[in-house]
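Pasting the structures here.
Here come two complexes built around subunit A, the first alongside subunit B, the second alongside subunit C.
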Partner chain A sequence: MPNKTIYLDYAAATPLDSNVLAAMQPYLTDIFYNPSAPYQPAREVRVDIENTRASVARTIGAKPTEIIFTAGATESINLAFNIDGHVITTQTEHAAVLQAAKLHSGSTFVGVNEKGRVDPRDIKKSITPQTTLVSVGLVNNETGTAQDIKAVAKVISDERQNRVKNDNPTPIYLHTDVSQAVGILDINVARLGVDMMTLNGAKIYGPKQTGVLYLNSSIDLQPIIAGGGQERGLRSGTENVANIIGLGMAIEVAERKRKTEVERLQKIRLQLLGILQESFDELIVIGDQKHNSPHILTVAWPGLDAERILFALESQDILVATGSACAANKDTRSHVLTAMGLEPDIIDGSLRFSFGRPTTTQDIGTAAKIIVETIKQERDRGTRIRQ
Partner chain B sequence: MPNKTIYLDYAAATPLDSNVLAAMQPYLTDIFYNPSAPYQPAREVRVDIENTRASVARTIGAKPTEIIFTAGATESINLAFNIDGHVITTQTEHAAVLQAAKLHSGSTFVGVNEKGRVDPRDIKKSITPQTTLVSVGLVNNETGTAQDIKAVAKVISDERQNRVKNDNPTPIYLHTDVSQAVGILDINVARLGVDMMTLNGAKIYGPKQTGVLYLNSSIDLQPIIAGGGQERGLRSGTENVANIIGLGMAIEVAERKRKTEVERLQKIRLQLLGILQESFDELIVIGDQKHNSPHILTVAWPGLDAERILFALESQDILVATGSACAANKDTRSHVLTAMGLEPDIIDGSLRFSFGRPTTTQDIGTAAKIIVETIKQERDRGTRIRQ
Partner chain C sequence: MSAAKVYVGMSGGVDSSLTAALLVEQGYDVTGVYMKNWTRDLPGMKCPWADDLADAKRVAVQLGIDFKVFDFQNEYKQKVVDYMIDEYKTGRTPNPDIMCNQEVKFKLFLDAAIEDGADMIATGHYAQVENGVLKRAVDDNKDQTYFLYRVTHMALEKTLFPLGGMTKPQVRTEAEKRNLFTATKKESMGICFVGSVGIREFLSQYVTTKPGAIIDIQTKQQVGQHDGAIFFTLGQRHGLNIGGGLPYYVVGKDMDKNEVYVTRDLNNEQLWRREVELSDLHLINQKPDEGKKLQVRMRHRAPLIDAELSGNKLILNEPQRAIASGQSAVLYDGQVVLGGGIIF
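And now, the complex of A and B:
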């Protein structure tokens, strides 16, 4: 990345933390052994993997045996969904959750309010005696809106009591995707009240295609990738040791920096929001401002062509997003903003700014000035065309 | 790895080639963008991925759209097996193939002869009108024995003609796992006559958990990991760019060095085999010596405790294998050697030596001396105990 570039798309991708890369480096060079081999140098690699597993478990309040290392959050999610029965999720989940849910027939996709929040009562209403899985992401990747997972967990726990009363032996589990929440919110599985949880290395300055599925020890899942029996038989394949070590370090660093980083990001977010609100009366802030991750700011200028703005900003070395990166090259309106009931002219006029550890208040000062000027120019151009 | 260690377990794991690590490095640092993002630096990453795809395609004689990047050979194999219908494979395949086949009910596991070769006529006999997939690995990881994939392909092609005659519209495909054959044998998909092929980065000096599934464009597979739609919808999840670039380089280097490396490895293998045969009248060479990969030498001393030898050699800084690494920590006899009809005292007395690019004739000279001494000592000890 050229030095002058101001990257404001950390929700799409993060660079490797220098501690993460340093932790990985020995496993990319000298320590290349197959952790299943019987000799001592290989057994030491096995110990390194297990120490990382224990560290991740400690961070999220789980047992080491409940940590499954996968090749990415999408894989973790697909594994979590490899369960029989009726599935419930929300309309604003990441494509990985939506598509995994669609592999089940008859899945229920619960709506959200105009701020992007799901009402736990709507989830309660969708539960049938056959429901086995409810999946609600903690922080939305397009808006930063956080869901009340604890309230959803209460619904699940009530349903469990109902089933005991009704002699219904069907288990019901709560899965949450915390890809955008690690290093931002509390991800202790007991405090959240979840049975399965997906973590994503690629969004927290760890290696890409690294993930964790936390799987409560009471749950009996079937693998989607069978073979040598690694990861308790739930993810076969010789372990990518460097990536596991890197992921562990990424989670450790994220948790260590969490408190100070959240405060810093909050200031940065309010700084940019303040400047934009001062400059544009028509500005619409998207998401639930009371329950929003500080690393994402999604706003809209109704009627603006946000895609043109994205490229105009890029030509001035500022990188931002419209909708999620995964959907960006598909020429369709964001399913998240659509589910929130936003009008097409608001959706098409929306930009997502997302902040990361390297983002400074100076960056925001510089970027805000250029963003304001660019949008004013584009707005005036639009007005001239319409006249 | 300490300098004095002589590693003879390249079939279990290979170190990263320095060219591979160098190719990956920019994507582990500056070039971290999400390849689905719309701005230019991200689009350049997309181009880099597509160039790698084209290069892999060229190497194996396929179209770029037929190359699916996965997180490892085990995943590639599980994806190839995600097909309805009757499945046929051999009893000596890698655990990934055997377990993927077992996910299908009623799969057929064809036997092999005492040299580990499958008779294509046995595969022909196992085919039913419902058979959709036949999977035969090119080089066995425990013995180095190569199968006659072209003859198997002929069986499949004959069956296709039968089905046309019999108005049976069921497709039938041939998959081969070439994890142990890249850089050793010809892996051109047209010349082999295969419809699907699994490549493994971890065994060819590439990054671990990197794989390719070659998928002939006529085949309609369902994904096992759904989501954002990457890799033609067959392997969702933001791409691990560094690993893809590294895998591409590993395949390129392996193919470039193939001819000279095969000659070199053949000499090394014959050097060790010669010394062992000279030293031990009772030595049994396992596998088909007419059709064997030069990077693997599996031999047995009937009645010897190979596991004790492994650790005795380790204490003298020589690392070797007994059976495959994946099975080694499961305390069961090798399924490969068992399927070959070898007696338990031969299986328990077998060692696998596997050679790689860093292995020198000097290494083999040093190692052979220690191996011979160690085994003679152990044999004498055993004789003393029995007396």
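And now, the complex of A and C:
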């Protein structure tokens, strides 16, 4: 990335933390042994993996045996969904969750309010005696809106008591995807009250294609990858040692920096939001402003062609995201913003700014000026589609 | 007086990008238009044309011009794709690019642009136009007039080809000079909607084909088997699946009998023609005088051949090999494109 570039898309990808890179490096060259091999150098690698597992477990308040290392959040989610029975999730989940849910027949996709929050009572209403899995992401990747996982957990535990009363032996589990929340919100599994949880290294300055599935020891899942029986038989394949070590370090660093980072990000978010609100009367702030993650700010200018802004900003070395991936193709309009009931002209005019550890208030000052100027110039140029 | 309003067809390639840039510099009021043509939905790809559209839009934003998307999917499917499939079905070898220019770019797009308030349109074709007269491009290697001979005089009067006086290397250099996003983009090849799978696989999805005999026209013996007569074109040498010895050439086919006829004799009279009948003769301006010495081109970038036109009949100076029906014969008078017709 050129030095002068101001990257405001940390919800999409993050660079490796220097500590993460340093921790990984020996495992890419010198310490290459197969952790399942019987000789001493290999057994030491096994110990390093297990120490990492224990460290991740401590961070989220779980037992080491409940930590499954995977090749990314998508895999963790697919594994969590590899369960029989009726599945419930929300309409605003990441595509990985939505598609995994669609692999089950008759899945329920619960709607959200105009701020993107799901009402736990709606989840309660969707539960049937056959429901085995409820999946609700903690922080939405497009809006930063946070869900009340504890309230959803209460619904699940009430249902469990019901089932005991009704002699229904079907288990019911709560899964949450916290890909966007690590290092920002509390991800203690006991406090959240979840049975399964997906973590993602790529969004927290760890290596891409690294993930964790926390899996409560009471749950019996079927593997999606068969083989040598690694990771409790749930994720076969020789461990990607460097990636596991890197992911462990990424989670550790994120948790250590959490408190100061959240305060910093809040300031940065308010700084940009303040400048935009001052400059544009028509600005719409998207998502729940009370329950959110401070690293994401999604706003819209109704009628604006946000993709033009994205390109115009790119040519001025500012990288951002839009609410529709492919202009002039309504199929690619954000399903999250659509589920929130936003009009197409708001969705097409929406930009997501997401901040990270390297983002400074100075960056925001520089970027905000360019963003305001660019939008004022481009405001009247729409992309019109003639059918 | 306000500047003339020009709508530029922008495909997301370097040629149309520079076209728009040059027109902006020349002081025109430029609007970029992406024509959404028909594409097949490829498995796993929701939006295969998205990258091209995004590139076109990027350049429009870079140039600070308006950008629009004209959706011609249905018309394109009917006028270009279905036409191509139908032609193949009757055993002919059509040219969909010529159809696309005639029906979509210089008819639908032109009309839609004018209706939308444009005074003129422009494209990144390598061709020149002067007062409704179409001329070959300066770059002989890139000249695209073969594909443009069916455009009407009226359409040409409202068209600008800013690249006609430039060579392709010059276009790249000028695009790089202006830092256009698309300056180093790779050239697109083949028929766009067919994609990378090739014409054979494309056709097999729309036409049911049966295996049939390949027959040596001299010996009347079957020498091999083909997987559908539709796939074969006069003069074709490769892909006959006949092993050993001298190569065979396709000299004809019978679509009803599903037979392909071949010969090993390159001098076989059926491979060579001196007189070519043209259908759908289209002349951009007036008809050339009887007996006037002309040049003709029967494939894109093929050498020009001396000929004269007599009614609908083209008389070639020397016999030519492998003239397939359905192909276009384009008539030139030096640099000027007179028009042409479809080989009967």
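Quick notes
One rule holds for everything that comes next: the second predicted complex is superposed on the first by the 371 of 387 C-alpha atoms of A that agree within 3 Å, B and C clash if a C-alpha of one lies under 4 Å from a C-alpha of the other, contacts with A are read in each partner's own complex, and residues count from 1 in each chain.
Here, a contact is a pair of C-beta atoms (placed from the backbone, for glycine too) under 8 Å apart; a residue touches a chain by one contact, two chains touch by 3 or more.
All of these numbers come straight from a predicted model, not from anything done at the bench.
Of the two partner chains placed by superposition, only subunit B is touched by A:A321; subunit C is not. Applying the stated contact rule after C-alpha superposition, one finds that A:A312 touches subunit C and leaves subunit B untouched. In the superposition on chain A, A:T176 contacts neither subunit B nor subunit C.
By the document's definition of touching, of the two partners only subunit C reaches A:T332; subunit B does not. When the two complexes are overlaid on their common chain A, residue A:E75 makes contact with subunit B while staying clear of subunit C.
Counting residues of subunit A touched by each partner, subunit B versus subunit C, the larger count belongs to B. On subunit A, the surface touched by subunit B in one complex and the surface touched by subunit C in the other have residues 307, 311, 314, 325-329 in common. Residues 1, 5, 9, 12-16, 21, 24, 28-30, 32-34, 36-42, 71-75, 77-78, 94-96, 99-100, 102-103, 202, 207-209, 224-229, 236-243, 307, 310-311, 314, 319, 321-322, 325-330 of subunit B are the ones touching subunit A in the complex.
The touching residues of subunit A, counted against subunit C in their complex, run 307-308, 311-312, 314-315, 325-329, 331-332, 377-378, 381, 383-387. The part of subunit C that touches subunit A in the complex is made up of residues 34, 36, 46-47, 50, 53-54, 57-58, 60-62, 64, 66-71, 112, 116.
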